[in-house]
Amino acid sequence: MPPISENRGLTANHSFELHDLQSETDDRAITIDKVGIRGLEIPISVHDRDGDCQKTIARVGMFVDLPHNVRGTHMSRFVAILNEHDAGYSPEGVSRLLAAMQTRLGAHSAHLEVTFPFFVRKAAPTTRITSLMNYQVRILANRIHETLDLILEVQVPVKTLCPCSKSISKYGAHSQRSVVTIQTRSQSTVWVRDLIEIVEASCSSELYAFLKRPDEKHVTESAYENPVFVEDLARNVVLRLQQNNRITWYQVEAENQESIHNHNAYALIRHCPPENRS
Amino acid sequence: MPPISENRGLTANHSFELHDLQSETDDRAITIDKVGIRGLEIPISVHDRDGDCQKTIARVGMFVDLPHNVRGTHMSRFVAILNEHDAGYSPEGVSRLLAAMQTRLGAHSAHLEVTFPFFVRKAAPTTRITSLMNYQVRILANRIHETLDLILEVQVPVKTLCPCSKSISKYGAHSQRSVVTIQTRSQSTVWVRDLIEIVEASCSSELYAFLKRPDEKHVTESAYENPVFVEDLARNVVLRLQQNNRITWYQVEAENQESIHNHNAYALIRHCPPENRS
Amino acid sequence: MPPISENRGLTANHSFELHDLQSETDDRAITIDKVGIRGLEIPISVHDRDGDCQKTIARVGMFVDLPHNVRGTHMSRFVAILNEHDAGYSPEGVSRLLAAMQTRLGAHSAHLEVTFPFFVRKAAPTTRITSLMNYQVRILANRIHETLDLILEVQVPVKTLCPCSKSISKYGAHSQRSVVTIQTRSQSTVWVRDLIEIVEASCSSELYAFLKRPDEKHVTESAYENPVFVEDLARNVVLRLQQNNRITWYQVEAENQESIHNHNAYALIRHCPPENRS
Amino acid sequence: MPPISENRGLTANHSFELHDLQSETDDRAITIDKVGIRGLEIPISVHDRDGDCQKTIARVGMFVDLPHNVRGTHMSRFVAILNEHDAGYSPEGVSRLLAAMQTRLGAHSAHLEVTFPFFVRKAAPTTRITSLMNYQVRILANRIHETLDLILEVQVPVKTLCPCSKSISKYGAHSQRSVVTIQTRSQSTVWVRDLIEIVEASCSSELYAFLKRPDEKHVTESAYENPVFVEDLARNVVLRLQQNNRITWYQVEAENQESIHNHNAYALIRHCPPENRS
């Protein structure tokens, strides 16, 4: 059995050359799947469907694999690569960033996680007054040898109104804020806004930052006319994803912050490729 | 000006006596208002109004003041005092704990913050089937010389239904989960359940962990019949607090997780003693 | 294409029979992988290796699959099943709970997630004074037809001291709090404490709630004598997991809250069964 | 006693004029101290000491008082005012925003809370390679009649090394990430960077996003030469704040994420004006 403890003794402490311990040979025979940095906050630019470019703030994770016979990765190189990269978060930019990680860190695989708020200017449904609505976006990208696997995730907050509550009650129906989290893989670019529109068409009502009374009347009535269970919400989103022929894989989670309970209702549907179906 | 840097030099490193640096004289002439520990997790027992005792898990903060001429407090004593204390979290128990902190740490003032989940078994409104509902409680206690100041805080999640939405819409009304946070000082014991009951009587509907269809019908209709704005919710709670003559001070916050927006509506009312009113 | 919108119209609103909408036929042809409740907080009991039983507070998620032709699950049954279950969180108890979910909800698969704080009384390394140390535990259990798949997860906070910093510096070395998250599957019972001991033997030093000066000296020197990179920490844990022949699968994550950066260092190793290795 | 319940009855539901319920008279005789919105996310611009302007993302809270005889505020006006305001977050801009809230909502007092990440480009201590370091900033502003009260808050993560651990140990000393939260009031502009520099001069070592080995050696040795307790850290910051004659009030909190414990050490010093000292 290989030695477990990594005591390097005290003599090392009196050595003033800046020895590269990370490059030492490792005899524990254990490959590390992912090693790198997490929780680094930086400003980034994101391209939008309409050709604009948003400036936002991201939290970043960057990882590579490490062969069984090398002791450590070089953590500062992740930050250096990120600092040199400023092409915006397009699929091409992400692929170049991952390729740079593979090259500079001598790795087979490279992984990137980027999470950021994203804004869409929307018109209120009746008064048409506009305001900015915020969404959370994540890019989950892996590059193994020369193959890129990119997942786009968007969290869309919506309103749901309960069909059962409406059906059994003399008047009213409980409603609440819900969050739909979509992940997709695609064969050509799917935009953040494409996914937002799919979710906002599938719920009881979309949300707005700004609503005047005529708008609030519209949202209230429209939600009452479109009750959805958490299961309906997830299925409605999946039906629309299935109609988009650029999307090759999806996962949909819906979570209702139930206004009659102090816990949430949750549904998950994951795309199952035909070859995996029993 | 006093020295800012506290470099103790390298010689200290080769001293093998366990010198008590914390007890050193400090010449910066700055009294520390609170010093201690935060985020310690421990199991505790809490007495309930019905005479029962709940076992729960608390996060604890413990602090004392430190005179301007002493360098540091003794952090391990806070944990020692807490370990020796097992009398349950009654006002008397809290006072004894604070007095022990003052004595053992030679302090004028001692401060305690204890946050924990608290459970109440409730019957569903129609079927009367019972389930446990969770609330978050905080005890904020200060003892200065021999005077105890104790604040009880309870967070109560409820349902609110919007009066404006109901009034302007053909049918329906948006509703959502809301959280009311009450803080009170009192001249004799006010129980956690007393505060929960005050909040649950002041909202559109209380919440339950378990509801069957007849219960859901009741909650839906009852909420539609009792619409409250976030302002109404805060004021209704204050009216009831004013009727309880054991309560000498209160602060009420209400926050609606609006189901038509991705931001919240918020109201705060703080008791203003008669002598402070303009 | 099936209808996306689920408008039930206004007539339903005036029906006073409590119609079971959830049991309706669904024609969207989309199976739901998981549907249920999330974020329910309850008191539970957990058996420990020494035969004791701890009372703690858990957050619970419970889910089942839903066939493509059924509109909704019955959310209240999850809470009912949980309320009836009080056998403690042993593997047998978890299996019974999942089987009850399958039966009562007519499901092929049932899933449970239970997260709770767990306490171990430890002696300080030199003075041997004892105190309670807290850990976070998760049980992730799935039952598909009659097959149980149970993952035990434990989060263990530890101290790491950087070998590179020690090696290149005249004196000192940066250290920090780190968190190791282990997940395991096993063929017979592996206890929470077993996993805690594996992690605490693999870091620069374990943590304690209570330390007096002689203990702090021991922890400081022992950490300096046992420097580990985040990669070493993950590999040391894996070596010990490999020696435990009850464990059939594992995943190890280590995350150092670097004291020289405002971001973290991270490593992940996932067990790869021999048949999946290239 | 005034009526507690606000049942508006069902007739209101069939009224199709968009009645302004918020403007109704209220007879509960309870003034609301703060009412408004919370958790609204928007992009903002922030001026920096060097004349630059950073684009960042803020979470915003906006509140006004509400007289005892008015039922509700107008929530949409807060968002409207914010949308029209784009002057950047200077003290003058904040004052104009608060004045607009007072005017448009007919309020005596207006309150603003804005929280955002802020970035500073720093050179590593030895190699001088630059990278962006992130901090969290909050603006807490109140305008009562025509008087502005503005508090600037900055959270600065730093490294602390324990003087006791260094003093009693043969070698090494435990170190950890710590966070200092400063709040200040001032009679002329104090910049975010001014406060960051004060904290980074008061700790064992400042943090960096990017460090190569010579830089890591410098940080390690420099921290070992500058040990500080959490009390020293808070007092060092206060000494420097006292030397800045623009600052008229301060509060300093320091919290060490102790690498030998799973809980934190904490100190708080609040400026006490001479007239309030006993």
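Order of writing sets the labels: A, B, C and D. Residues in every chain begin at 1.
Keep this in mind: a residue touches a chain if its C-beta (ideal position, glycine included) is under 8 Å from a C-beta of that chain, and two chains touch if they have at least 3 such contacts.
Keep in mind the model is a prediction, meaning the values are calculated, not measured.
Participant: Trace the shortest chain of touching neighbours from subunit B to subunit C and give its length in steps.
Facilitator: The fewest touching-chain steps linking subunit B to subunit C number 1.
Participant: Hop across touching chains from subunit B and tell me the fewest hops that reach subunit D.
Facilitator: 1
Participant: Counting C-beta pairs in contact, which chain pair has more, A-C or C-D?
Facilitator: Counting C-beta pairs in contact for A-C and C-D gives the edge to A-C.
Participant: From the C-alpha centres, identify the chain that is farthest from subunit A.
Facilitator: Result for the farthest chain: B.
Participant: Counting shared numbers against all numbers at the contact of subunit A and subunit B, is it over half, same, or under half, different?
Facilitator: Both copies touch with mostly the same residues.
Participant: Using the average of all C-alpha atoms in each chain as its centre, how far is it in Å between subunit A and subunit D?
Facilitator: So the centre of subunit A lies 28 Å away from the centre of subunit D.
Participant: Taking each chain's centre as the mean of its CA atoms, how far is subunit C from subunit D in angstrom?
Facilitator: Once rounded, the distance between the two centres reads 34 Å.
Participant: Roughly how far is subunit A from subunit C, centre to centre by C-alpha average, rounded to an integer in Å?
Facilitator: Using C-alpha averages as centres, the distance is 22 Å.
Participant: Going by the touch rule set out above, which residues of subunit C reach two or more other chains?
Facilitator: 10, 13, 18, 40-41, 134, 164, 166, 168-171, 209, 211, 213, 217, 262-263
Participant: Touch graph across the chains, line, ring, star, complete or other?
Facilitator: Complete.
Participant: Help me check something: in the complex, which residues belonging to subunit B touch subunit D?
Facilitator: Contacts found on subunit B: 1-2, 4-8, 10, 12-19, 21-22, 26, 28, 30-41, 61, 63, 66, 71-73, 75, 163-164, 166-171, 201-202, 225-232, 234-236, 238-240, 243, 255, 262-270.
Participant: Could you pull out which subunit A residues touch subunit B in their complex?
Facilitator: On the subunit A side, the touching residues are 133-134, 157, 159, 161, 164-166, 168-177, 205, 207-209, 211, 213, 216-217, 219-221, 223-224, 257-263.
Participant: How about subunit C: which of its residues touch subunit B in the complex?
Facilitator: Residues 10, 13, 18, 20, 40-43, 54-57, 76, 79-80, 83, 117, 119, 129, 131-132, 134, 171, 209-214, 217 of subunit C touch subunit B in their complex.
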